[in-house]
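Both of the next two complexes hold chain A, though its partner changes from chain B to chain C.
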Partner chain A sequence: MSLTVDHVSKVVGRDTHIHPTTLTLAAGSLNVLLGATLAGKTSLMRLMAGLDKPTTGRILWQGQDVTAKPVQERNVAMVYQQFINYPSLSVYENIASPLKIRGLPKKTIQAKVHEAAELLKLTPMLKRRPLELSGGQQQRCALARALVKEADLVLLDEPLANLDYKLREELRVELPRIFTASGAVFVYTTTEPTEALLLGGNTITLHQGQVTQMGNTLEVYRYPQTLTTAQVFSDPPLNTLSVTKQNQLLKTLKGQVLACPLALQTLPDAPYTLGFRPHHFTLQPSSPHDLAFHTQVTVVELSGSESFIHLKHEEERWVALVGGIHDFPLGSAITLYVAPEQVYCFNEQGKWMSPPSLAQAA
Partner chain B sequence: MSTVATSSIAPIKKSRFSRQGIVMTVYLVFLLLPIYWLINMSLKTNEEILSTFSLWPQHLTLDNYIKIFTDPSWYSGYINSITYVVLNTVISITVALPAAYAFSRYRFLGDKHLFFWLLTNRMAPPAVFALPFFQLYSSVGLFDTHIGVALAHCLFNVPLAVWILEGFMSGVPKEIDETAYIDGYSFTRFFTRIFMPLIASGIGVTAFFCFMFSWVELLLARTLTSVAAKPIAATMTRTVSASGMDWGVLAAAGVLTIIPGALVIWFVRNYIAKGFALGRV
Partner chain C sequence: MNKTWNNKAWWMVLPVVLLVAFSAVIPLMTVVNYSVQDTFGNNQFFWAGLQWFEEIVNSERFHDALIRQFIFSAVILAIEIPLGIFIAMNMPKKGWAVPVCLVLMSLPLLIPWNVVGTIWQIFGRVDIGLLGASMKALGIDYNYTQNIADAWITVVVMDVWHWTSLVALLCYAGLQSIPEAYYQAARIDGASTWAIFRYIQLPKMRGVLLIAVLLRFMDSFMIYTEPFVVTGGGPGNATTFLSIDLVKMAIGQFDLGPAAAFSIIYFLIILLLSWVFYTVMTHLDKQGQKS
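And then the complex of A and B:
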């Protein structure tokens, strides 16, 4: 089953939650909705499920218009960030509930529930109530309920956000494997770029209710078509620098002059925004062509094997992620280097300008 | 080791405990004294009540209770009261459940004003409504009927029930509703199978409050009835004017009037506090 979102928008009162959006999600595909909180991930997901009616546009399943179909009649499964189960039913009854509604024979239900429980390691807890379980077990119960339904569209709304990291890693690997095997359209929202990269599949980046880009996850990461996409898909945040190109020189607002990287020399003279990913900064130049920036340290965070160095460069606040422990004193001046082929360049409208060959290295 | 520890701590604990105990006992005696005295009186004869001061019945008698249970003018009062109170509780909850669900789940024009306005119905003294109800009921034939009193009490109990139930319902995440719809539950099936068990304690507390307010309300119940639906409290006040005062029977009736409330309170004892906070704890 494929899902098409056709010019769908959602307006509540005076707020536009989703700007007109058109997407096609293929059967058996894994789609990650990536965006900050309030970007509209959940709104878009609710429209896909049929929990909310779109203000304009249509939702098509396999080419059939289902916009007016109530959610009960669509074959959807959804898992929320908060662990949502029926507290008054046992874990077994929770998992069996969508099958019971469908009126399947008892034996089939029993077999399916036990299979799902086995897969999600819930077998010993089947007789207990959801609230007697740990958070991770509660979420696995919700996942099992979504799984037994064999839905055509599986929506997971930040399902791992409230779990401890060990369980997240474990489930993050298993979830796509469990669900995509069924041939369902699988949609997964997350606020973390890293999670999107780990899940793979396709990524849809969202920003303020607008889909900024959709495509293969790695491709979106490597070739963000807009500055917004690059910013959404970067953690720690993307570092930016406004420059004006004049002949073969780049001038910053404060008057610093940089040599224009070779690949950007063919661009017309105009103002541009340069973007650098935090991990592309180095403390030592790797070649004489590297761009050099003189910066001031504001905060250093150490994470065992890496250092997050928060910096001030002219008016911009930057973050550099470098390997090893570098405990610079606050306010100390350091010079950072970026290889010219790792510079993203966006024009005034925020459109990607670097030639694609360059971004290969990213 | 452990014995040393307990022996050194025990004396301090003991003296503090007993001081707390004294205060508690005094308080309990203070609270229970009127109730004890009522029970005490109900087991005495009228002569003993009027002639001597005795802390417990000298001549224990159950005649007062026997009289109430055999005399139709007495026991019919209980039947009448219980009939309209139960009717009222059932009507109030049936009406309030969907209303409270709407207030807790949907946003509509003027919802907050309407919700508050409901509560203002409780702010007027019942006496204000006695006259219009009396005239209205007389003209439509609801005067002196159980359903009439039950409906009159809905005026106070429905708003209260809506407020309490809304509090309990808002404590249930909306996502549970949506999960049920996604699973394929129809609204009615979700409401009865999933939702009502979740707020069962809320329904219990609401039932208790409706029961209690309707049970103790006297003014409307007395104004709107004459014979067929006369409540027990009205029966009790009217015996005063009969040949003297029948203290013993009156006390027994009082004891019997307390019992239903005590029974209901027992079932919802764990949720009463939340109910007094209108479900918002």
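And then the complex of A and C:
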């Protein structure tokens, strides 16, 4: 079983919500749609589900064209960011609702509902109404409804965004385990790069309605093929620096001159954009080859074990994530170091230029 | 905990006490004063005790008006609530049609009661009214001044025309607050239109529906101006509702004692019904928070 999105695009009025996209999602796979708000995650998901008709292209299910098939005939389950349950029905009736519509015998329904409730720890709440439950329980009820359906395609649209931190962690571990076991194609949208990394599986990065990259989550994280992908898949945001390579020197816009890292020396002379992940900055040089940047502190956020240091470097605003507590006074000048093998390099078109060997360290 | 006692705080309460006294308690007491006495001109008062109350409670005239009143309110609710829901569900959800629709719907609500009455009084006239004359031209024997059924139909249709948009607008607000995701989820489930109405829209509208029912019940129970302008309570006493009857008694016959007793009984009935509605509403609301 697999879902193929074949040159699908969605245009509403004059706005292109989804640029032509081709993707293949395998059965039993966990696919994370990662992108900022309004990047088109939900639009793409609705197209996959069949809630919206694509403007161009086809949706294939196991090679069969299902573009024209209405959503209720496709065996799709979807869970939303809001906790969507039938307000006047009990948890039991809610979970049973998709089975009742299908007209299964009462006993089968009962067995399936109890099984799903057990799995999602809802057994004691079966008689309650959704609004008598906590947020996490309401969402588990919605998840149970999706689960009993034994859908071929399970779409989770930021399902944990409205839950508190603790529950999120708990469900994040359980979810892939529960759903991938069913052999369904599993799609999960999130705005948080960390969530994508925690979930594993595949990641599809989206930016302004365009899929920028798809692949194994770690692979996409380590080898972002474009600057956009690297920016989408970085939290805190990726720090960038525009430079011009001349001979073996890198010149910043303000005229600062840096020694070109060894691995980039083979690149032709041209303007480039360098990218540094926030956690690759260090306050002490790890080797004499490290690039050094003189920066000014604008804000320091302490999270306890780590410090987010917001900085100004020339015209760019950067964030460095360093371990421990570093409470620098505002405006103080500090020097940051970054190892040359941890520098991402993108050409003027935003295409990844660093040799792959370098990225191993990322 | 040590409480500080400060009698100056009473001054804070005083404005409210005065306001309520002048706006409610004192006028009500004048009515009470009339209800237990008999007057014969020259401001001579004679103690009557509960005589007027007994007379009213036992009078057939009062019973008839009360029954008419309950029937009227029941008919109004039975028509306006389902019709309002139906209209709300068929109103446009977005686009230019929304403001147009909302303004059109609000128009009847902005027209003063007596103007509504006058409009319908003329509208229904057999000689010059559009409705009455058309009916006559179609060969339908319609005359609200002579036929009891016609009078009732006219008064009911007029109220439906005047107030259904209130119910519709309230329901529309309730419907608009349902997130789109509910409908999507139901579509994915393959739920029917009826199931979507029964299990999503109706439960989500319940709060506003309770308010609509309460408002329409209380309002129709106290209706005066429109039937008074259109039918004057007739033909005969066919559309004489409680408030019309009360005014006839007080101003027409100048029976101040019985009218005062009538007022108090009417007031108590409304108070009681309000209390019942309020209790039912808050009770259902508590259940609603659970459901």
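Operating definition for what follows: the second predicted complex is superposed on the first by the 362 of 362 C-alpha atoms of A that agree within 3 Å, B and C clash if a C-alpha of one lies under 4 Å from a C-alpha of the other, contacts with A are read in each partner's own complex, and residues count from 1 in each chain.
Here is the rule we use: contacts are C-beta pairs under 8 Å (C-beta built on N, C-alpha and C of every residue); 3 or more make two chains touch, one makes a residue touch a chain.
Everything numeric in this text was worked out from a predicted model, so none of it was measured.
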> Put the two structures on top of each other at chain A: do chain B and chain C fit, or clash?
Replying inline: clash
> Once the shared chain is lined up, is A:R129 touching chain B (first), chain C (second), both, or neither of them?
Replying inline: second
>> Just checking: does A:Q265 make contact with chain B only, chain C only, both, or neither of them? Give me first, second, both or neither.
In response: neither
> Which chain A residues come up in both lists, the one for chain B and the one for chain C?
Replying inline: 49, 51, 71-72, 76-78, 80, 82, 84, 86-89, 97-98, 101
>> Can you tell me which positions in chain A touch chain C when the two form their complex?
In response: 46, 49, 51, 71-73, 76-78, 80-82, 84, 86-89, 97-98, 101, 128-129, 131-132
> Which residues, counting only chain B, touch chain A once they are in their complex?
Replying inline: 173, 175-176, 178-186, 189, 194, 197-198
>> For the complex, give me every residue of chain A touching chain B.
In response: 49, 51, 70-72, 76-78, 80, 82, 84-89, 97-98, 101-102, 142, 145, 149
>> Can you tell me which positions in chain C touch chain A when the two form their complex?
In response: 179, 181-182, 184-185, 187-191, 199-200, 202-204, 289-291
